[in-house]
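Worksheet for the structure shown next.
As written, the chains take the letters A, B, C, D, E and F, and residue 1 is the first residue of each chain.
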């Protein structure tokens, strides 16, 4: 409830979920090359995932609240910018950002980062971790 | 390594995973009714999930091996009958069983049960648990 | 989408969460006896838990929907009857059911079962699993 | 805190962990046959696992405590009978029960059940679930 | 067992748990403002959580042991400084540090860091991650 | 599918598993000292673990694929270098690297890092996290 001069910056994390369909494909390549590179992820009829999204905000602790940022407010921003846009959607067909961009986990993280970055005040650092499966996930930006 | 006359039947469990796209829709209903009942799960462009499949086999323990059934053998059967058929597929478009059957978790469990039942000797009981998300899952047959 | 005469009853599960404070105490015992039996769970100032609640509904699959019951409808009932009543509450002080009943996980499961049972049509079986921690949980009714 | 005449039997669960080495081998078979049946689990120098043990006790709720059984008491029994005996041990070399019995998960569950059964009063039902890995586990007795 | 001149600093992690009650409140604000900012976390009768605490220690690997630090020793320090102080307690009423400090996850992490920092030799880096729920957690210090 | 000039470096993660036996021991110390330092981890007959290995690769996103690196390729390298070498093995007896090095989690991470580093092009950063149990794990290199 007070500002301790020794209190360093803190990161807060919020975890949200969405379910989406996608396929991986490079339209400049022929079918054989796409199948060779992307394997079963190239299935023309799509497949899908339960995506887990971890959002990390780093900044000072507000001495009035003891929060870096209210988790409910952060959750609301993620709902508006990410969940409403991607949940129960086909990333290739329903999301404009992927009309020319391959919806890999790496690119999806990049797009999500951009959507959230414009809603989080610039004095806070932002980083996201996106889980496509329990065994494959990415962090953006790295480090 | 021996048959203890007190050793009762044991259940063994094997967990496998697959990722698939689907949509929920009753073709006998109009679009409005389908949207009302199935909500965002009715998205015409599909969405998707990471499905976790738990297979339970119940039977006596073989005194030569100490196994109810070899987990590698069970895993192989699940791979052949379920994973190869559903992984990175669109359940509605790529799987014949769902040409007329709504691919709810309940119906998907029923279909998977049928595929496995014919590969597991009838002296063993079979039951499956299918997780569509970490918060929604089904067991078939119940009980 | 159709009623398969071989399709047996199916269980569906829905997982929800709530956070609550409580203490364990038998008002008919003195302080020493309560401390001896309930240990640190008897702390007069309360402690708390993140409770995970798994609700299982068992019944036939509806041939029109392919659902035993709509998970959104089930989630709504759990929200109304359980989460709104217990989340971010003190079980001993804020919940009438525990004015005379010790809020152990066993008793909390019994009370939750009663609240849900009157909202689920009687042709469906109902069972709940309540996790007080990742290592201590209960099922009601048993079996 | 009181006995409700409608309160049915409840199951309580306690989860404990131990780490052990083992190898699978049938001494009546030659090396080739053992390698064929048990594969890499037959490695003569052993391998190992983090075992997760779930113990389920089913009985009436005690009206004085609101417990089926005190989780601390149950944990203490599991520590004495199972964890102290198996944790950081070689099941084949350090545990007498496996001098002639193959330490499969099935047989380990049977032995653990026997150790716990004699410490739990007979009016309570007992069942255990033993996880060798996150994907291979057993229940004893089944059902 | 030897010091490899290429072996860089390593981080070791230890995970511990405690259960506590708390409420969020700024005594300089009136009831309406506190309810507006902290929502249901402001419940005057408290609520509670299962806290998961991850402690990270970073330093060189000791060539005699192959450890950065003995996990049992680290666990013992966490038990003494954190678990014994916070487990099954009311953070607001039972812990002096929160008599004037709002027990948010951010502030709790700051206090825990201070308690551990004085017990870990200064040549080791220290960082903690504190999970209030599976979806809300913090890291201190950030980065 | 294109190189966005604002797209920073991304980390990708791949999780793999192996099960192994080991014991901790410093051959320059006598039995009493080893037992004192390593406790039950010093059991001469070994014990074992389910190891979870998280491999993190950091680099730019390839504009042709949208991948930092193909997860299947990364998984294949981990299989060849780590899983085939350590899975269902005794680290002390079956792995040359530990003939003189104590197989602590810290040292095992160092060895695994070296095996993978020579297979990952040097323009990518590499970091690993190795879980010996759910409560004890390490990161190499730190930071």
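Definition applied: a residue touches a chain if its C-beta (ideal position, glycine included) is under 8 Å from a C-beta of that chain, and two chains touch if they have at least 3 such contacts.
Note that the structure is a prediction, hence the values are computed from the model and not measured.
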{"item": "Partner chains that chain C and chain F have in common", "value": "D, E"}
{"item": "Copies chain C and chain E touch via same or different residues, half shared test", "value": "same"}
{"item": "Approximate Å spacing (C-alpha centroids) for the pair chain C, chain D", "value": "27"}
{"item": "Mean-CA-position distance for chain D and chain A (Å)", "value": "41"}
{"item": "Gap in Å, rounded to a whole number, between the CA centres of chain F and chain B", "value": "33"}
{"item": "Residues of chain A touching at least two other chains", "value": "134"}
{"item": "Each pair of chains that touches, named by its two labels", "value": "A-B, A-E, A-F, B-C, B-D, C-D, C-E, D-F, E-F"}
{"item": "Sites on chain A touched by chain E in the complex", "value": "1-2, 4, 7-16, 56, 58, 61, 64-68, 70-72, 125"}
{"item": "Chain A residues touching chain F - in the complex, by the definition given at the top", "value": "24, 26-28, 37-39, 100-107, 109-110, 134-143"}
{"item": "In the complex with chain C, residue positions of chain E that touch it", "value": "17, 19-22, 40-41, 43, 45-50, 87-90, 93-94, 133-134"}
